[in-house]
Every structure is written in structure tokens, then in C-alpha cells.
């Protein structure tokens, strides 16, 4: 073994420049330059994100306040975003209610039961196909099916179903990953002790996969919360009226708890304001609403990471 | 049997209450003739939306138990949805002829609730141009005149900002002012989807010209930044629109599928009531259809 | 430790299957959940395809007409023509430039994260990328309108000219008349697809076995030489997959693009001019047209074109992956 090689092993960046006989000074210079450029990309991305966050924080400084969040929209004064924020949260909850069970069940199938056959490939192909369909096309599909064909008009339910269609592949894939991450020993140990396959899944695998599953739910939720193109054509684009939260009649379109009513969400509201908004406060309201959206995204993302780490630590150190 | 004095007394009290109610002007609208409970949805034209929105808000404030949801989506959406039965009222800037199939179009009942006007506006930097004749408009919008200096303005290229070709605003402008001439396309033209987007685009683009609704022009946020033009020497005002001297105006339609009943009928009646026609409509820069 | 927890839980279970298990209910249920996606895709394809061909089937427009550059859908116009070329071209142009801008940046970032960045730097940049993904498209569009468009129009108002002494003008790009343009659309899109291309490329680089790197370094090469001559070629199909996925995302983006590209339904003469994409035209016209009229049928045909583009790219990605597995 030459001196160069023995010095190379154990040095992640290669042998010291003075020992490099194969490298000329030019290639060392190229290496330095390339490293600088690559660092530059990292710095650029951080700066870009940082400046976007700072821009919205500044723009929304005088705008976002508890009264902004909790009051109704208005043209004449700095109106608030309560109904549309409520609709965003409502739509998220309704979508997750439908998408999470189906997604987790689908993930269980793909992780535990699926064989290596044509059917499984078909499912994977379907997963990838739905994920690459443009969101506007999904929205149009919802328009034909729920709004026109079923004669529902614009409804929160239609929007939630369209969003479910759109995000089901993501939820399924993340669930599958979370379940696959559970070590194989768990399965074999459980089966060795005499439990059936379903008992194993239900009582052992799924509980152990919960941190990953929760992370999957939160990441999917983050994606659902900001969606606009799908909802533009399925749940409507208008200024919601004042919501009477004490009206608990789910079949009454006047109740904010009912899924059978048009439900303009925060993202769609921003689009509506920039396209037709009136009033001197229009730009400020948009900035404020956008700031709220970005904060929610931040909360979802960082929350998912944090929660995932905490849960994993707690549940696996049992 | 009331004796004369007591009758007079109660009349006097009624008169005083009536006078008191009338003198508290502007506090709250007098309750519409009939309040019906229920829930309806109106959808469609974004040009009419500010009016229908405001009227709906007023109506439900006095008629608690009624819910009127107003959506946008465009005139086409309004027509499709009311014909398909998904909404009760379809707001539209255009008639369904040529858009909906004949049997569907024949089902719809038209209720004209207001007249809406549009004004040609330019960016503030197009100084010296305060009026455009119909012929000048045709030359500009077909792309024949390319520079503002040819119509008395500064030496700047004309940038045309259109609404989408499918919109009622654009087809109205094309019919009433351009005489259906072919509009310009290409690098000097932009298309923005709605009044707000158009207004944003005009204020940010040097030499831009476009057509926006009165409500958007008169909005205190926009007016200082826009240069509103006369059409053939006529000022773009609600009065001129009402008296038909200003010609860039069209009816605002609210369509129902068959004759309206229940809350739909009540709300439409409210749209034609003095509260809306006399007070609300002029305040939003539309012209009433009921004097 | 894991075995102990399993034992505790398993000890409480019966060894015999329940009734539900004996009739295979759990398996059927989870299978139905997973297979529902096949059902969804088929339904999606069926509906969009059915609506998309109405233009030819019901309205009698010849299929070739959609490749013409004249878009004149107005029923009152004498030269009515449903040419979709401006929109198809617009989508292609805007996507292509977005890829040109974004790919070097994204691949560089992926290399940074996988080869160069120390642990603490990766722990900052990766979450930053995830947050990027989460920013909704309306917010990107709003940033575009309020910051990018005025910036472009005021900074680059004059023509960009490259002229040589004798030959004259070699290269001339007209200045921005308005900031609403092809370039504005591509810039916004390039930032939006950056996380996609970066993360998939990152996975591709990570998948290259460590032995290749150490072997190369042991032979005395610099890190950059290793990256350039070894890593990138090995991960090439993965990077191509990333680019195809980025392209799909860019071609399908509607709202952000529609707000900044100017929407002029004609072929642009330069990158500084307005352009229209399939997605933005659909957004503009859908609400103003009536279900069943030829104008709206043309919009559904445009959606079908978009759907075909996205399915094609899925097939492309699969082919690339098959090549990677085979090599």
C-alpha cells in the first residue's frame, strides 16, 4: 500500500493536497470553486425563504391582529378573515376525515398484503398518475362530477371529496412508508407467538408506526390547507356571510357546520381579492391573509417534524 | 267602541312614532315587504357581485332566518348553474342566447335589476388624454394606433389590457364601442381575468389602457391612480348612464329557472324595492331600473 | 427491547382468528382502500376524456384544427377557429425556461446537501425546502404580481442589445413593456419546482454507494472531480426523473402562472412578452363559458391535453426507473 492510499483511507475529503500526485493545481482550484458554488446554492435558498418570510411579516405587521382573525370581511374598514379561515380549517378537517382512514388502510395493504404482481403495479401506477395530474384538472373533474352531475352546486363536501382524490396517493404512500419502517422482527416475533396476521397489524405494527403515520397526516394536511385551484371549481368563490356558530343543524346550508354549503377558503379568498377585490384595504387584507397562510404552513411543517421526533422517542423507548 | 278622543290620541301617538322612525334616517333599512325563511344561492357575474352581495347582506340583516349566499364564478357559471338547478339565481351580464342550448335558455326567466356602466381608463402617466371618440377607440383596440402621441398624449406605446374574450364586459365593449371589429393580439396586449386584476395591471404598466366597471373606477383605492376618460365627450357618470347619453352600459340580469318562488321571489322583489333601487344601487355606482 | 414489548402485547391476544379474519374481511377492506386509487384514476381519465372529445364529436371540429395558431372561439366571429397552438406552445415555453433556470440550481442544491453540507447546515436547509413546498401557489402568484412584475418592468425596460462594430445587432431582446411576461412566469415556476427537483435528485445522489466515492478519493481525485465524473453519471437517471417530475409540476401549475404571465393568446415573439399557457386560459375562460357550448368544450380539450402530458411523464419516469434498475 502506497503512502497516499494509506493516508486516503480514513480521510473523508481525500489525501492532503501536498500528497496528491494525480491532482493538478487546476483541479484543486476547480474543487474549491465548486464547493463555493454549492455552498452558494444553500445560502441562496435560505436567503430567499428568509426574505419571503420577512416580507410577509413586515407587510402583515399592522394588519394581522386578533380582531383581524376573528372579524368578518368588509370593504369599508380593514375587514377580517374569520369566515374564510373557518372554512379553511373546516375543509381541512372534512378532507382528513375522509382521506386519512382510506389512506392508512391503503397503506396497510401496500405494506403488508400486497404481492409482487400486476395488480400492485397497477395501484402504484395509479398513485403516481393521480399525483401528477394538475390540480386544476382535478378541480374541473370535481366540477363535472359533484357540482354539475350530482347537482350539488358549490359545496364544502364536493371540495373535500375532490381534495381527498387529489391527496389520497400522498397519504397512502406516507402510511406505507411509516408501516414499512417498523422492523421486521416485530412481525416475526408476533407471528411466532401465535397471533394472526391481522392481529399483528392491528395491535403491534400500527401502534409502532404511529409516529410516522402522524407525520404523514400532518404533511398531507399542510398540502391540503393551502390548496386553491381544486377548490375554485368545487367549493365556490364568494365572500361568506356572517356565520352563526350556534346553528348546529348539519343539513341547513346556513350553518357553518354543514358540508352542504359553498365554502370559500383562505387561499381562494386571496385569489378572489386579487382578481375582483374592492376597497383601499384590499392589498393589506391579502398580505394579512397570506401571512396567516404561511404561518399555518410553518406550523404544520415544523410541528410535524417536532411531533414525529418526540413521538418516536417516547414510543420506541418503551 | 273607541270614543273620539282616545282614537285621536292613539292616532297622534302613531303619528309621533312614525315621525320618529322617519327622522332616524340611515339607521337601518325599513324591513322589506316580505321576509321568507330559507336558504338560496346566487352565482355568476363578478360585475354584479358587489351589488348582489351588498343587497344580500342587507336583506339577511333584517330577515333573520333567511340565508342568501352569493358566489362569483363568472356569467357563464351563473347561467350554467341556474339552468342545471344547482343554484337558484344566476347573475349574468349577458343573455343566454347563443350560450345555452335553446331549450335551456327558454326555461330561464330574466329579471333585470340594474344598469351597469364601464369606463375606459389609462395609467396616470398618459397625460393630456381625457377623451376618446368611438373611432379613436376602434383604432386603438384593433391595434391600428400604437402610440399615445397619435391621440394627443405623450410618446408612449399603447399597452392594451383586455378582459378574457369570454367575459361579458369584453363582449359588451366590443359590441357597443368597437362595432364588433377584430381586436388586436400580440406583444402589446395583456389579458387579466377580472376587474381587480385589470386595475392592478393598469397601475403597474406604463401606457396601459383598459375598460373597468364604474364601481372599480369610483373605488377610493383606485381612483387616484387611474385616468378615467370620456367617451365621445360624455363623462362616465351614473347620471349619464341612466339618461342613456353615455353608451357603454348594459343591463344586469338575474335569471331564475322558471318563475321564482319562496325566498328567491322575495329576494328578487327586494332587489326591485326602493331600498335597493333608490339607495344601494347609486351608492355602488350602478343605475337603477325602477325610478 | 422491541421483542419484550411485542411479547407483552401479543400475550393478550388469542391465538385463533376471529370471524372477521376467517372471512378475510380485513384484507378485503384494506385492498379496497388501496384499489380505490385505480378506480379514481379510471374515473378521472374517463370523465376528462369524454368531455375533452366533445369538441370533435359533438361540435364537429376537425382534430387538426387544434394545432393551428389562431384562437378565435367567439361564435359571432366569421373566422371561428379553435387553434390551441398558442396555449400548448405557451406551456412548453414557460416550462422549458423554468427548467433551464431551476435545474442547475436544484441539482447544485442537492449536491450541496448530499456531498458538501455539514450536518448542521443540512438540518437548516432541509426544513427550509419543506417549507418552500408548503407555500401555496396563490401566495407565489401574489409575490409575483407585487414584487417580481414591477421589478422586471422598471429594471429591464430597455432592449437588451448585443451589437458588434461591423455586423451590427447580433442579439436583441425587446425590453419589458410590462412585467407580465413569459420570463416572469418561468421565474416563479422555477422557484416552485425547485424543492421537487432537489429532493428527488438528493435521493438519487444518496443512493449511489459510498464505496464509489471512497474508491475514487483513494485514487487521489478531488471531491469535485468525483462528483463530476462519477457521481453525476451514476445518478443521471435519478436526476432525469427529478427533472421530469419538475416539468410535470410546472406544466400543471395554474394560479401562480396565470397571475404573472400576461395571458396574451398568441405566440410570443420574445421572452419579455406576454404568453398564455393551457392552465391559465382554462382559469380565465371557464367561469365565463357555459357548460355545453363549443367554447367550453375547447377548454375541456385543453384539460385533456394537460392530462395526457401528465400521464406521459409518469410513463417516462417509470421507463427511466426501469433503466436505472437494469443498469
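Residue numbering begins at 1 within each chain, and the chains themselves are lettered A, B and C in the order written.
The rule is simple: a contact is a pair of C-beta atoms (placed from the backbone, for glycine too) under 8 Å apart; a residue touches a chain by one contact, two chains touch by 3 or more.
Bear in mind that the values here come from a model prediction, so they are computed numbers and not experimental data.
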item: Highest C-beta pair count, chain pair; value: A-C
item: Far-end chain from chain A, centres as C-alpha averages; value: B
item: Whole-Å separation of chain centres (CA-atom averages), chain A against chain C; value: 17
item: Distance between chain centroids, defined by C-alpha means - chain B, chain C (Å); value: 39
item: Chain B, residues touching no fewer than two other chains; value: 72-73, 80, 84, 193, 197, 200
item: Touching two or more other chains - residue numbers and ranges from chain A; value: 148, 274
item: Multi-partner residues of chain C (at least 2 other chains); value: 145, 259, 283, 286, 291
item: Chain C-touching residues of chain A, taken from the complex the two chains share; value: 4-5, 8-9, 11-15, 20-23, 27-28, 30-31, 33-35, 37-42, 44-46, 48-49, 52, 55, 101-103, 105-110, 112-114, 119, 122-123, 125-130, 132-138, 140-141, 144-145, 148, 165, 168-169, 172, 183, 185-186, 189-190, 193-204, 207, 222-223, 225-229, 232-233, 267-268, 270-271, 274, 283, 286, 290, 293-294, 297-298, 300-302, 305, 316, 318
item: Chain C-touching residues of chain B, taken from the complex the two chains share; value: 72-77, 79-80, 83-84, 96, 98-101, 157, 159, 164-168, 171, 180, 182, 185-193, 197, 200-201, 204-208
item: Residue ranges of chain C in contact with chain A within the complex; value: 1-3, 5-7, 9-11, 13-18, 20-21, 26-27, 29-38, 40-41, 43-44, 47-48, 51, 105, 108-109, 111-113, 115-117, 121, 124-125, 127-139, 141-143, 145-147, 191, 194, 214, 217-225, 227-228, 245, 248-249, 251-255, 259, 279, 282-283, 286, 291, 300, 303, 306-307, 310-311, 313-314, 317-318
item: Chain A residues within the chain B interface of the complex; value: 147-148, 151-154, 236-241, 252-254, 261-262, 272-282
item: Touching residues on chain C, where the partner in the complex is chain B; value: 73-77, 145, 149-150, 153, 174, 177-180, 258-259, 262-266, 268-270, 273-274, 276, 283-293, 295-296
